[in-house]
Structure formats: structure tokens, C-alpha cells
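Report on the structure given below.
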Amino acid sequence: MKKITKKDLAALLRFIGENEALYIPGRVSGQTNYVRYNENTDVDLDTLKTVKSAKEVFFPQSETLYTVKTEDGKYRISQEELQNEEFVLFGVKACDMKGIEVLDKVFLSEPVDTFYKARREKGTIVTMACGEPEESCFCKVFGIDCAEPQGDVTLWNFGNEYFWKANTEKGEALTEKCSSFLKDGDEATVDAIKNAIRTVVEKLPYMNLSLEGWDGTKTEEKFNSPVWEELYKPCLACGTCTFVCPTCQCYDIKDYNTGKGVQRYRCWDSCMYSDFTMMAHGNNRTSQLQRYRQRFMHKLVYFPANNDGMYSCVGCGRCVDKCPASTNIVKVIKAFQKEGK
Amino acid sequence: MSMNTEFKPKIVAFCCNWCSYAGADLAGSSRLAYPADVKIIRVPCSCRVNPMFILRAFEKGADGVIICGCHPGDCHYSTGNYYARRRMTLLFSMLDYMGIERGRTRVEWVSAAEGVKFSNTMNEFVDAVRTLGPNKRLGDLRCKD
Amino acid sequence: MHGIGVFVCHCGSNIAATVDVKKVVEMARLEPGVVHAEEYQYMCSEAGQERIATAIREKNLKGIVVCSCSPRMHEATFRKCAEKAGLNPYMVEIANLREQCSWIHKDIEEGTEKAVILARAAIAKVSLNTSLLPGESRVTKRALVIGGGIAGIQTALDIADAGYEVDIVEKTPSIGGKMAQLDKTFPTLDCSACILTPKMVDAAAHERINLYTYSEIEKVSGFVGDFTVDIRKKARYVNMDKCTGCGVCMEKCPSKKALSEFNSGLNNRPAIYTPFAQAIPNVPVIDPTQCTKLKTGKCGICERFCQAGAIDYTQKDEIVTRKYGAIVVATGFEIIKLDNLEEYAYSQSKDVITSLELERIMNAAGPTKGHLERLSDGKAPKNIVFVQCVGSRCDESKGKPYCSKICCMYTAKHAMLIRDKYPDVNVTVFYIDVRTPGKNFDEFYRRAVEEYGVNYVKGQVGKVAPQPDGSLLVHGVDLLDGKQLKISADMVVLAAAVEPSPSVRKIATMLTASIDTNNFLTEAHPKLRPVESPTAGVFLSGICQGPKDIPETVSQAGAAAVKVVGLLAKDKLLTNPCTAKPDELMCNGCGSCANVCPYGAISYEVKEINDHGIRENRRVAVVNSALCQGCGACTVTCPSGTMDLQGFSNRQILAEVDAICR
Amino acid sequence: MKELLQDGTVNRVLGWKKGDLPYNPEPAFFKSAEELDEFIYDGFCGANLSKYMIAASALEGKTLVLLKPCDSYSFVQLMKEHRVDREKAYIIGVGCKGKLDIERIKAEGVKGIESISGAEIDGDCSTLKIGTIYGEKEVAYKDAMLERCHVCKGKEHRIYDELMLESADTLDSGRFEAVEAIENMTPEQKFAFFKNELSKCIRCNACRNVCPACSCRKCVFDSTKFDSAQKANVDEFEEKMFHIIRAFHVAGRCTDCGECSRVCPQGIPLHLFNRKFIKDINEYYGEYQAGNNVEDETPLTDFTFDDLEPGERR
């Protein structure tokens, strides 16, 4: 167990940022998101949730896959290079960390997504325990302990200090590299911090949310339930929930004509959009009800059914905070609870 | 100044078929030179010019976009240029509001008889865009390399 | 699209001198979809067209790009050529390498680079072209002639003689126009009225000509072959059917203060009047601004004296709606206002007059019964100075930049007539140039100088100064002698510039016919289509298109008539297929597009739409392609992009943008 | 409402349903009197229900809809564009004392909210008492209001069948102040300002989808007609294009309801685009308020012969 005083943190970040890429919550025009650190970055480790989750560091909203150019009437294809630079992702909360594990299930199983894999290999994740969880948080429902997030290094915020614990080899390496900034810390204080956090978590309004019945079975019953018919109605079919979600992993592949050639790129897509799954013959989901249902069925039924019971929701509550129509996964779970299904 | 002489701006000129395109033809047959940087796209009327076309030109690397139509009152379709005038007024104002240099966009009314005006307008516009230099504020970086 | 052919024209050396044609061909070959590219000396020639046709057939081309002169020149030519070879004519695009490239650039490298880009844009566009089929529209076999002067009369007579109905709309109470005001005509010196009035009578008597005098065009809609026109028949307050034209009313009318328009305001006319004795129709009108009865309700003398009972103070303007296949504009001219040319003292002295006023003074039916006299004191003038180019060939702040064309000849005519009738009067003419291009024109001018002793001075008049004794001191310069001149005159005649009738602006707007900076109507082509307006179905006759004398006007009138007859002879016209086309699946039915459509071509219908399996009734836009003229206003107003324009589609234009910015 | 539903005047009620947190009521259709037990109307019912009336117009029978004064402008504008059917709507114009912005409350450092009182519509709406797991907090109602309420268009409904509840004056700043502040910047500052703001955009389309004016069946940004279906923020141009065109497409039709700014997950002041067009339209073509009535010609489908020339300033 190590620790670093808060006033030394800036120097530490500068140190890391000088040697490798550092992604950290930073404020731009009033909003906190993961940004690539530079000297002008307005680092913000106090905001509980970044607007977009940490997933974008490994799975960017858009990325070029390859480029085709014509030269003298002939086509030339150049593959986009994989991540080859080491980097540190700093300040990830337990829910986002779990989100990355969900993405790992998708992108690291066969066929492996090489772009994602390269980033995972080059990245060291520094997580951070949640100091003050908020009312929209329900990570505990999914068995996540926000007092003790995983990752390569874990930090705990306490008074003027951050406690620092390496969990993995990568974490040890980072700790070693940063050793000049770190002092020894005691486990006991950290245990106290954890307990304090866990006590707060118990008080959160969503703690009693029950996942009973969402065990990857009763697929058809859920699918055909009349509950959806009312639930979907406020949905505006925007992609906010999808884009702030730490586990949504769907993407579209598109071509961009640069005039000098074509860039094939992929970008996040949302199952809420009417052109999601649009194919030459049309769309197999023709109504918003179907799209809305798909999102939650995927997170709570299909994904656990295919991944040993792992839900693709981590209870971060971003969709609860951000949905323009105040509909969200919690309301879905509660609605089914109420119907007794 | 040496910068300016080297910089060859990309200029897209939307010209209505009835007046301005004919005005450009007249400039041509009268041998009234203007810079080769200007490339004309023929549209039936200035009201056919969608703001998306203008933004698209900038996206793909244009340094300036000019729209030419019949003089107000002379539109071949009677009223097209009046609509174009309002649309472009608002669009240009918005671009200005967002910090895009005002000199990169322009609307000019050029009749079929105004070869001289066409040529002068293009000369002036290209000069203005040259002074501003390459368009860096409203373009897609993917098209730059 | 695969299967594009590119044809690059040298246009002799017009293109080839500044554009490396071979390079353009070479670069075009590298463009996606291009399977054939070649060059030729003159693509528009028969041999050139044959090459295109052969390539289309042999290489099974799906679209072609001709890199040549302006599409305004030869687009139609190449479309026909493609059609003959079995390709849809709308699969042709033109890259304008002549007017917009080779002719304006000197540097070959620069010109070639631009030519390549222009070709590229056309290739990008053609690859998104779709085959289009023209629709058909009917032709209303009736023509409208706007203006009843000599131009309008002649056009109407020629059309009517060919067997078609014609309506003439004249804004004054009588046909005849400016020619009726003239005394004699050059270069033959025959009497204007003697040659005009028979034509007026012919027009009035013609079974296929219908006159709307004292009427104006109110509204025009429709398009070539099918115009709908609202004509405002102004209230005459005289029943045309009852009036016998006896003229008693005019004699008896107590209100005689109005200035006679026909006599250029030199004398008065009654409130009820015909403009001149030979007016056609010979039915007076009551000028409501002058008539005591209409203004105050008291009087009614004319009504009392009218034996025919034709006076009707309750008459109202009437709107007549008629359909026409073709419209001829023959709105004629006015003399410019001389307000900006105060140096000639026109407003200061009654003895400074315009040439048109002189016509009336010289005319036996005019205010002075044809006696040449000063308007100030009625004395016979001894010294007359004519000033040419008053407001013509002039700085635009004061007058007109163009030559009015007729002044040299009519000034010579006036000078000659005065010297003939009053040999003791000295006549001096100040001129910049004497322009006499016309049959027997120069001979005529030389007679004025040589036989009649008119004193021609090359030079301009700087000032006309009215003297206390009533004479006029003319300050001029003799450029040939290099001397300042001061000539004392009793009368100064100004050859004021002509300008298109002010009413033409409004009419042009209604007809969507274009107008140049001097308000002359623009012809479709200055050399090859001089009597057609760029707006299909609208033709030009007389001075509305540019200054002309009578013989030229009459010949243009005939030419316009032939064009009209050519049009009316057809039963159906092919319509431009480049019209707006909505995508019903996307349409919101919001109504914006119809709001901006100048032709009322868009309406809304509730239709059952099958949107990917979901059937529902939706309000959607429907375009009447016979009415749509393809301006594209709707395409931009439509927020969802439902409306697109065939031939200039969003994707086609964007492809051009992309190709240019590449 | 219950009566109208019971006597068959209306087939359903479109209103707001209690949320599961003190501040997240959702738009909902109520089909029976008992469902209406879950109805709520308080300071957090900011959602403009007009847009839901497009779908409701296709349903059988009448829908009772609750519209705040500013929502009623949107409804009229939609009527003008033939998107909603007046005959299918029974409009209750509800009073409004300013709507609350939970983001503003959170920005005051309020976390772990358990309860909020003071947002009730029949209260005096002066102070919000907020119970959190970290203790009690107080926030002035005014400081928690949405931006749009500070520039309120007024208490009058443009259309209604019945009126309910009192409104309060909430207008306390100039509608165009923020726009003017940007106009007065140097081009570099303007550029930097918008670059910063738009860099946050995640192209989630919430602004578009919530907008009553952006109600196209198929948005240009979703269609292939302009090759503009770029849902990703690949390059900063994409967001500029999107937001300029979005604002342009609603120019003259935008009632300034402020929903776009309310829903932006990244807090981008999107109303600054729309309001710039509104300000320009007012200055160049005369005062115009979209949704005022169905008769007025929309500024961009209208003209006068002596309109301003592009690039000119009056």
C-alpha cells in the first residue's frame, strides 16, 4: 500500500504524461470526460461520473480501420496501425472498470478485435474508489463493489491523500516508475475508507433493486411482455443512453470519401436509431418498441445468457442521469418487478 | 506576400443557369480573365443552392464559396433569388457567429449581360480569399492530407 | 456508373491553345467509370458527332461527358447526338472548357489543370445521372401581344394572317404607339400617319385580332404553350358597343385642362378624349383624374349630349382571364426625363424642346397646326440649334450609356424638313458622331448637309443659356476647328435618348423574362436568337429589346411573329424533365415546398404509403411536372431532403463539389 | 382530467408520470383513471409534450395533452406544418412557475438526492429543500431553473381548450444577451468558444430527437441523399455541420422552447444556435415568433423585394 499527497498529484500526472500517453477525467466547458492529458488539462477527479465512460479510451467513438487511395488509376490499401504506444488510463471508477470487463468479453473473444486488443495490452488502468456515490448509482445490484475497484492500480481518496495499491504486474510496473512520488500507506486506513463507502452505498435509493427473474431464462416471456408497450413510449430514439453507457459495444462501419481516397472507419452505433440493423431489404426492427426492448433485453437477458450470467449493465446510472425522457434501465427492471414477472 | 502568391485557393462558384452562368460565358467570350482557382457549378437557380452544398465544399477543402444569381427582380423563376438571399444571409451570419471568416462566403448578383462584373467579382473574391489564407476553421481534417 | 465516355473538343485552337487536350483525355481515363476518352478538332461538327455516336454504340456507353464550349451553346446538340445513338439525352454532361477556362486563362499549365478538374466534376456528375423522359404539354393556339405600337401591330397582323388568334393589349386608349405621333419618317419623308393608320385599321378589322385597349397585364402564370394571363380592362366610362365615335362629348366637355399625351403635353385635351383623331378604337375614355362628374358627382354634360347613351359613369375596371400559347412583348419606348441634364435648360425655357415635341409642332394635327413657331411667344424662329446625343452615350449618372440609334437620322430629317419649308431659317446641328448605317441613310444625311445647307458642327453643347430677350445662347465647341462657339438661337431641339417603357419592368417580372441593366429585355442569344426571350414562349418585338428605327422594328416584328407561328403550329410541346421529385416515404407533408413554389406546381394529397411494410395514410407532396419549371426552391426549403431536382440532384451537385475540392 | 377520460371525451391523457427519483418524471400516456394516480406535475416536468402529439394524432380518438405556455407555441407550429391534428387534441394549458434543471442543482454540489420539496406547482416555488444521504441542502428555486425559464416567452398559452393552474413570472434576463456576447467576440474568440463547446458533442441526437421542429420522418442526417449520414464525431467538422444544418433547418420554425439545451448530455448551450437565427430574423425581417399562430408566413419561405443582402449588416 502506497500513498501520495494531493498536492503532489499534479507533479505525478505531469511525470506520467511526459513519458507516455495519459487519459484522465478533465473538464472542458463545464463537462468532465476522459481527455488526453497535457499541461493545460483541467484535471477533475472529484466529479463522480464522467459523461462518457472510460470505454472510449479502448473503444473510441470513431476510429479508422483502413484507407484506400487511388494512384495512377490503381487502388492502394493501407491498414490503420494498431496502438503501439503505452498509456495510462487514470481515475476509472468500479463501474467503468467492470464495463471494460464486459467489453473484453465481446472484443477479446474470437474473432478478436485487434484494435481493441492492442489498446488493452498497451494500457495500464488506474482505478479509483468512489468517495461519494450518488442516488443514480446501483452498481452493487450487479455485484460491483465501488469501494474496491479492480484494475492495475487502485486509488482511494482520503483527506489530503490518495492511497495507492498495485493489483497487477502492470500496476507494479507503474508503481515502480512513479515510486519517487509515493510514500508508504497503511492498509487499516484504507479498510476504514472502504467501510465508510460501503455504508453510504447501503443508503442509496436503488440498492433494493432486484434482478430476480433476469437470469438469462424466460427469454420469450420477457420478450412478449405487454410491459414494453407502455415503457417505450417516452423514448425519443436518441442515442444518449447508448453513448454514455460503459458497456454498449455496437458499432457501424462506414466509408468516408476524403477526395483523395476512402477511409473506412467504425463508429459507435445505437440500437435506438432507426437505421440500426438497416439492411438492403429494410430493417428487421421497424418500431421504437422493438428497438427499446432490444436494448434492455440485450443487457439483461441475451448477454447474461451468452456470458455465464454476466450482465451487460454495470449500474453506473449514467442513463438514469442523462435520458432526456427520464426512462432508463432501472425503470424497466422496476416495471417488470411490479408486474411480478 | 510570398505566401499569398503561392497559395492557390480552391473556390467553388455556384452560378444560376440563366443569368450568372451566362454572365460567366460572356466574361469568357469577352476574354475577361479571372483566376483559374474559380470552378463553376451550374445550378438552375440560386435558390437551388442548399447550405449543405456550401458546407460540403468547405468540408472537402474549399477556401471560399461564392453564389451568383440573377439580380433581385430578374430571377428566371421570378422569386428564387429572393429565397436564396434570405437563406444565405442567415447562413453567412451564422458562419460569422461561429468565427468563420466572413470573406470566405459571398453572394453576388450577376446578369447575363454582366461579363465584366462577373470577372471583376471573381478577381475580387479570389483576392479576398487569398488574403485570408487557407481555410482552417471549416474543413474536415481527413480531407487535408 | 460504369461506361462513361469523355470527348474533349479542341474547338479549333479556341480550347487547344490554352488547354493541353491530350492531357485532359489522359487524366479523364483515370476517373472511375470512364471506359472511353478521346479528343477531336470540332466535336460539334458532323464528323465529331459521328465519333461520339460511334463510341456510344461500340462501347455501349451509359453516359457521356463532352468537354467543349458552354452547355448554353451545344448541350442541346450533344443531347440530340446521344439520342440518335440510342443513349438517353439526359445522360450527357458538358464540361465548359472554352468560356470558363481556355478563353480566360493564358497559362497552359494552369488552363489544363483547371480543365482536368472541370472534366472530373462533369464525370462525377454524369455518373449519377439518370435517364429522363420529357413530358408533354398542350399548346393554346392563341398569342398575346403586349403593346399596340407599330411593333405590336405588325406582329399581330403577321400571326393573324398565318391563321392564329391574337390579342393585343395596349395600355393607352388607342393603338398606334409612338409612330402615330411622328410627322414624317426617314429616309423617305413619307407621312407617318399615312403608312401607319391603314395598318391600325387592318389590325382592328382583322377577324383573328382582338384589341384590348386602355388595358394592362395584371398577372401571368403558366408556361410556354399554356400561359394564363389576367388583363385589366380599365374603366373607360364609355360603352364601347354603343359609342358611335361622333366626338360631341369631347367638344362639350367643360374640363379641358389636362395635357394632351399625344401632343407631348404641348396643348390640352378634354377629360373625355380620344388621344388623336384617327384613334382606334374611335371610342373616347374619361380620364377619372380630370372628370368633374367622377370627382365631384356634378356635371354629367357628356352623358346629356351623348345621343347613343354610351356614357356610363358606373363602369368599373374589369379583369379578363385568357389563355395563350405564346406572348410577344412589344412595349416600346419613352423619351428619357431630362432632369439630370439641366445644362440644356429644358425646364427653364419653353423654346428648348425635345425632338418628339418638334414632331408634334411640325404635324398639321399638332398644337401649332404644323406651323413652326416658338412655344413661348408664337414667333417664327430664325435660328434653330439641334443637339444630338442628349442623354445617349452618356455618363450613367446623367443619362444612358448606349446609343439611341434613331436620333442621327431623325435630326437630319427635322433639319431637312425645316430648311425645305423655311429656307431662311438657319439650322445648326451639334453632333458627336453621325451614325447612318442603314439603307439610303447616309445619302439622306448628305442631302441634308449638301442640298439643304444644314450646318453640322462636330462637338458637344456645354450649356444653353436663356437670355433676357427670350433668345437662347448656345455654348458649344467645334472640335474640328478647336473653337468655342456661342450661337444665339430662337429654338433648341434636343435629341433626347430613348429608354424602354417603364412598364416593361413589371411585365418582365411577371413573365420571368430577364432584363439588362438598361431595362431592355434580354434576348435568348444576341446573334442567333434575337427575337426570343430566354423564357420559353416569350418573344420580343421592337424597342423593348434595344433601340431601333421603324424598318428594323417592323422586320423584328415579323420575325417574332414567325417564331410565334412556329410555336403555335405545334399541337404538343415536350416539357423539361428536370423537375422536382419528392420521395413520398420521407415527406412530412409540412407544406414548406408549396410555399416557395412560384408556379403552384406542388399540392398535397393524403395517400396510403407503404413505409417498409408499415402502411399508413400520410399527407404527402405531389409535383405537377407540367407546371414545375425546375428552379429547385422547394428542394432547399424541404428540411428532410424529400424534394430533389432531377438533373440537378443533391447527390449530383455534391459529387461536383467533391470533384472540384478534391 | 379523470372526468374527461371517464366520460369518453378523450381516450387518453398525455402528461407526466412520477419518477423513481424526486426529479425524474417521464412523459406518459394514461389510459385510465387509476393510472392517473401516478400523474405528477411539478417543477421537474420540463419535457415539452407537443412532439408526442405527432404520434398521438395518428391514434384513435382524442388525446388530452397538458401544455405549458411555451409548449403551446410548439403545438401551434406543428399544426401549421400539418404534423398534429387539432381535432385529435384536447389541450389543457397548464400554468408554469419555471422548470427546474437537475444539472444546475447538482452543480451546486448536491449529491445523493433522496427527496426534494419546494418544486410543487401549487407551492410558492422560492426555495428547494433537498434531502440527501450526505445531509440537507437548500437551493433557491430561481438558481435551479432551466436557462429557458429565465427568458420566458410569457404566461399566455397560444392554444388551449381549458386552462389550469397559475403561472409565475420568471423572466429575468435578456433573451439575446448570450448571443450578443458572442457576436461581440473577435472571430478567434468565437471560433474557440464554439470549438470548445462542440468538441463535447457525442452525436447522440438527443437535441434533434427532442426538438418539436425536428420532426422529419427521415432526417437528412439519417438519409443517404446528402451522404451526410455520419453519426460519428470523427472530425470536428462533423459537429459543426450537424449543428449548423440542424439550426438552419429549424430557422423560422424554432419556437425557442429550449428542449435541445435541456437534454444535451454534455451541457452544450444549443439554444445559442437557434437563438442566433431568431435574432437575425427579428432584426432583418421583422419580429417573428414561430408558433404564435398558424397564419404567419415563415420567414424563410417569404421575402420582401428589399431584403438585406447576404453579408450586409443593418
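Should a chain be cited, it is by its letter among A, B, C and D, assigned in written order, with residues numbered from 1 in that chain.
Operating definition for what follows: a contact is a pair of C-beta atoms (placed from the backbone, for glycine too) under 8 Å apart; a residue touches a chain by one contact, two chains touch by 3 or more.
Not measured: the values here are computed from a predicted model.
Closest chain to the protein centre (all Cα atoms averaged), using per-chain Cα means: B. The pair with more inter-chain C-beta contacts, choosing from A-B and B-C, is B-C. Distance between chain centres (mean CA atoms), chain A to chain B: 46 Å. Rounded to whole angstrom, the centroid-to-centroid distance between chain B and chain C, based on C-alpha atoms, equals 29 Å.
Note: centroid distance chain C to chain D, computed from Cα atoms, is 53 Å. Rounded to a whole number, the gap between the C-alpha centres of chain A and chain C is 71 angstrom.
In chain D, the residues touching two or more other chains are 220, 226-227, 234, 300-302. Each of the following residues of chain A touches two or more other chains: 256-257, 259-260.
With touch defined as above, residues shared between interfaces to two or more other chains in chain B number as follows: 50-52, 56, 60-61, 73, 79, 83, 87, 140, 142-143. Taken as a contact graph, the chains are fully connected, with every chain touching every other chain.
Across the interface of their complex, chain A is touched by residues 19-21, 24-29, 47, 51-52, 111-114, 132-134, 196-197, 199-200, 202-206, 208-210, 222, 227, 229-234, 259, 262-263, 265-268 of chain D. Against chain B, the residues of chain D that register as touching in their complex are 179, 182-183, 185, 187-194, 220, 226, 228, 234-238, 240-241, 244-245, 247-248, 251, 273, 276-277, 280-281, 284-285, 299-305, 307-312. Of all the residues in chain B, the ones that touch chain A in their complex are 60-61, 140, 142-143, 145. Considering their complex, residues 70-73, 96, 98-101, 103-107, 110-111, 113-114, 117-118, 121, 505, 508-510, 512, 514-517, 522, 534-535, 578, 596, 598-599, 629-633, 635-637, 645, 648, 650, 653-654, 656-658, 660-662 of chain C touch chain B.
Of all the residues in chain A, the ones that touch chain B in their complex are 256, 258-260, 263.
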